[in-house]
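Next come the structures, one after another.
Heads up, the next two complexes both have chain A, just with different partners, chain B and then chain C.
Our next item is the complex of A and B:
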């Protein structure tokens, strides 16, 4: 069962770097993160990598394995042939700090710009009543482990640094959808999603959904319903008038 | 001295798990300028891994539940060694703390009438755990994280700066507490640490520090805990003159994965059993019926028929022995494996596949389904899992004042969550940690606010000397010549603890462990790291090693002194529970380069709380001398 694998790991920092070749032992049942840890313990003690739970629950160990955005702790070695070179590189959309560690602060800044849950007025703690069918839709989005693989994959920002300003990304779209579908949230978030967070820039390629390790249907269950309802809201003549007048300078 | 980044706050919260975030929310809400410092990214603390639920006697599923019943279960689970006041506050305040989460946006699973659903768990008399599938910890941490953000949004609206009153310093590790000892008794002046990203140092000046650093699991080889659990808070407290209690009590969760080797130790949630899963040995026998201890005979079913009826009719049947407290189940599994009745990879079988329809399993236990499918290639809706004990939780921790969470011995130091000791006695019930985080996190925030008010203008100051010493210590591993690599030392330390201070202990092995730990001291002092200071995991581990070693020694020494078996401490040379020992807490202090342990009487439980139990039950735990005084005191 034990064999020696060929690994190619990107090493470097914000000033530059490149792929480094390693030959490293692999045992039955191991995942890519185990192999990275073995490299640390035996060949490259200062190899930088993030991880916590090693069970796909914390979303720390995101990287690109043979070019595919993956959690390293959930990528089993038996998905590769023994003679296959396994290439591990940092997430491409975010600036490298060192080796496999990137600066993901973009996501925290965007999260801060989304207005928080607005509790219903006059309902005391302990008196919240909601039906399971109604919370279920938002619960799907709350499964998000913030691995940011969807953010990393989305072509709107993957190679377009200039779009980062206006585009919050799929992780934030499900957060908006989650709040919008929360049975007791007292804010309307649809127009805001379009105007302040760049929902309109998404052209529904579904790449985000494909990489989500939590299998959240980001596009079908969050983005598309939000887009459809944004349309409804915007073309409601009264709302339309209201929002336009409200925005006119001087009024 | 080089120019070091410096910040001044009212309170520094070390840790961004459930306890730390709840404490920070409270501190900020009380008007304190608050910093949260954590080793990982924001939202990734260990709490994220909790699965089963939060225990709180809301009585949503069984209206017989109330704080008294929860208190009783907690004391029983801890074998009456718990700090009664902490257990009381916890049972009383947990429901409010859970309800409050809904006002922050949490979405728990619901009952038919729209309330928060509650599930069964080991040691809890009624369905009590608020939950979200089997990802409750994720919901808890995300909810608190988003509450922090919402407070920052309020601050932004008021000041134009999101971080004016509450700032998160993520991927920043604290290596030392800075103490002002000018007036004789130590008091907190601040904390010293480094940015993981750059390796640059950082100094916090603050009169109050709340430790919320979690546990110590990384001192064992087989563990459900992540790299963060190196006992930093325990060690920081001990080194600054505070004390650790109950360190001999370590919870080995009965069900960790055993195969494949690389995932050995990863947790299999207790909800699998709460929702109907049964444990069997290689002969197909439900062996837990053979392991019901006398003290629990009245509460657990003795036949499979009765146990199975309980899932649908809990009022008229006793619960299955698979739901005994964790220490009992872990020992039983250990015995079955030792007796040669284990599964192929050295565990036992845990099966839900024959008990629940596949769709129900996927709905109730989604992340377990996922975890086994992806990591072990096992479909839990069709075949049994293989499981065995794994180091999970430390009951021991910083000795605190129950009401304020103030650490004994150091003014301005507070501790909440897993790093604090006393609440769980000798064994923690599942679900009682997440509630503990909320109840005592909240109290820590209040405690710090009161403390600040008390000291008013007389803030302690950080001196250049303190900073220089901390800096030197942190850089030493780069200067050491000829020392070993930190990974090697860590692996051997973990092996030693696993082999000699594990689930079943004895005097000879504990003495051997202490001797070996002693020999690690020199190796740790001489540890050598290579590379630079920027994001260098080897260096980070080198700085964790002294903490791991300190808690390991505290554990081993306390375990050697306690000559009985109770909860998370099992001695095969002293197999019985000894009621004399129930009256004693073991207290660890840092002394020289080691740990000194001494006995301390445990606080006397007031009679109105003892009155919640039947005397016949108390007789199993208390000495006759203790009970003699009680007959007039009110127990029925």
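Our next item is the complex of A and C:
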């Protein structure tokens, strides 16, 4: 079933830009990225768009479709009515390079600020032994494809550019949770999460979870458990006392 | 609002969402406000909360000397100096429990505080510091409210079992009121046991599940409940108001409590 759809695509760069209207053919089974490619092929050869796998696995084609952060390659055209205007813009939290392409360096800088996995002294790579149940929880977080849709949606930085300095964002919180829950990681990630990476700025409003294309339960399974772990070491007087009198050492 | 911060794609609209994103926050405000209005009225009313053998969940345990005769399961340790409604002595605990609940936090930050009103919809505040300062650091006390909540759940469950009696206190009877109180207690248990702090205490804080098989099992069970926590939060909130209203209707004589046997 072929029809002509109304598209509005943001075009421009960091000096300015705006939404441009297009009428473009849509065929059965297509996704938004297909339509963007058709625009490139037929009407706007210089339209910049980043993509790689077209299978929802590389995390490159992140954009906002009708205001919602989405992977363009996983947003099916049949979820829109034929007469609906489909608006496509670049991610609105990161600096735009051109058209639909943004500069997501923020996320790589934040990732570098998290100290790597640190096995206990004396345990060499190759000697790591752990049980499946102990790493199971963290494996959910390894599904992350680094599309940064969660980072883009998080209001802490989306609506407050000045918070970018102090706030690492949900993608980094799942990394911290993964390390803190890891049976062989010897570093304490809790105080670090709260004091260096801005865990306390998150108000658990769950938008990261809502947009994650890998359906990682970021808030329920990483952020809230980390907040509870932070309470253990920073805000719970009874547990603090317990740790001081030598009860319940490292669990 | 700085979704238009320099360097970003310049788009004036605070959101380009075309769905009814405002519906959810609006619904939350409507339900929470109705509950607050109803609960405030009932808490200050100080009457129609007990009719043998039913007691309203807003008034249990009734701790002041002014409590209606026979309504005080734990006696009246507070004494006679307390002249306001006895509900005000205890409601701060369930209130604190719900105010610091991770799910309700999400609900009211979004709907009342508009921070954010919905995903990818700009928030109205100029500055944002999240839960890094007082008074919001107090949210970290949630686990203590959780433990106190367990005491309340136990008492309300006992109230439910005490309702297997008739007006004269003879055992072996059951009425609609019995079902109302027991349903209310069940919903409260589901709400408490699905709590994130409960999940953490059961096993969430461990890194070696393999060394704690029992706690791992409990954590797994609570985790399963936990995914339904928002649902339990609403059901138990509405349940508590309905249970109170039922007791009030029976206590005022507006309806009579139907006995099955």
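Things to note:
Following the convention adopted for this analysis, the second predicted complex is superposed on the first by the 232 of 251 C-alpha atoms of A that agree within 3 Å, B and C clash if a C-alpha of one lies under 4 Å from a C-alpha of the other, contacts with A are read in each partner's own complex, and residues count from 1 in each chain.
As a working rule, a residue touches a chain if its C-beta (ideal position, glycine included) is under 8 Å from a C-beta of that chain, and two chains touch if they have at least 3 such contacts.
Computed from a predicted model, the values in this text were never measured in an experiment.
Contacts of A:108 after superposition: chain B is touched, whereas chain C is not reached.
Contact with chain C, but none with chain B, is seen for A:92 once the two complexes are overlaid on the shared chain. In the superposition on chain A, contact of A:51 is made with chain B only, not with chain C. Once chain A of one complex is fitted onto chain A of the other, the partner contacts of A:161 are limited to chain C, with no touch recorded for chain B.
Look at A:182: by the touch rule set out above, it reaches both chain B and chain C. By the touch criterion defined above, A:131 lies against chain B and chain C together after alignment on the C-alpha atoms of chain A.
Residues 131, 182 of chain A lie at the contact with chain B in one complex and at the contact with chain C in the other. Those residues of chain C that touch chain A in the complex are listed here as 1-3, 5, 7-11, 13, 15-19, 102, 105-106, 109-110, 115-116, 119-123, 125, 127-132, 137, 140-143, 196-197, 199-200, 204-210, 216, 226-227. Of all residues in chain A, those touching chain B in their complex are 13, 27-31, 34, 40-41, 45-60, 74, 76, 97-99, 101, 104, 108, 111-112, 115-117, 119, 125-126, 128-132, 135, 138-139, 142-146, 179, 182, 185. Contact residues of chain B toward chain A in the complex are 40-44, 46, 48-49, 58, 95-96, 99-100, 102-105, 107-110, 113-115, 117, 132-133, 135, 137-139, 142, 146-147, 149-150, 152-153, 162, 197, 226-228, 259-263, 266-267, 367, 370-371, 374-376, 485-488, 491, 529-532, 534-539.
On the side of chain A, the complex with chain C involves touching residues 10, 12, 14, 16-19, 64, 66-69, 84, 87, 89-90, 92-96, 102, 131, 133-134, 136, 153, 155-156, 158-163, 180-183, 198, 200-207, 210-211, 219-220, 224-225, 227-232, 234-236, 251.
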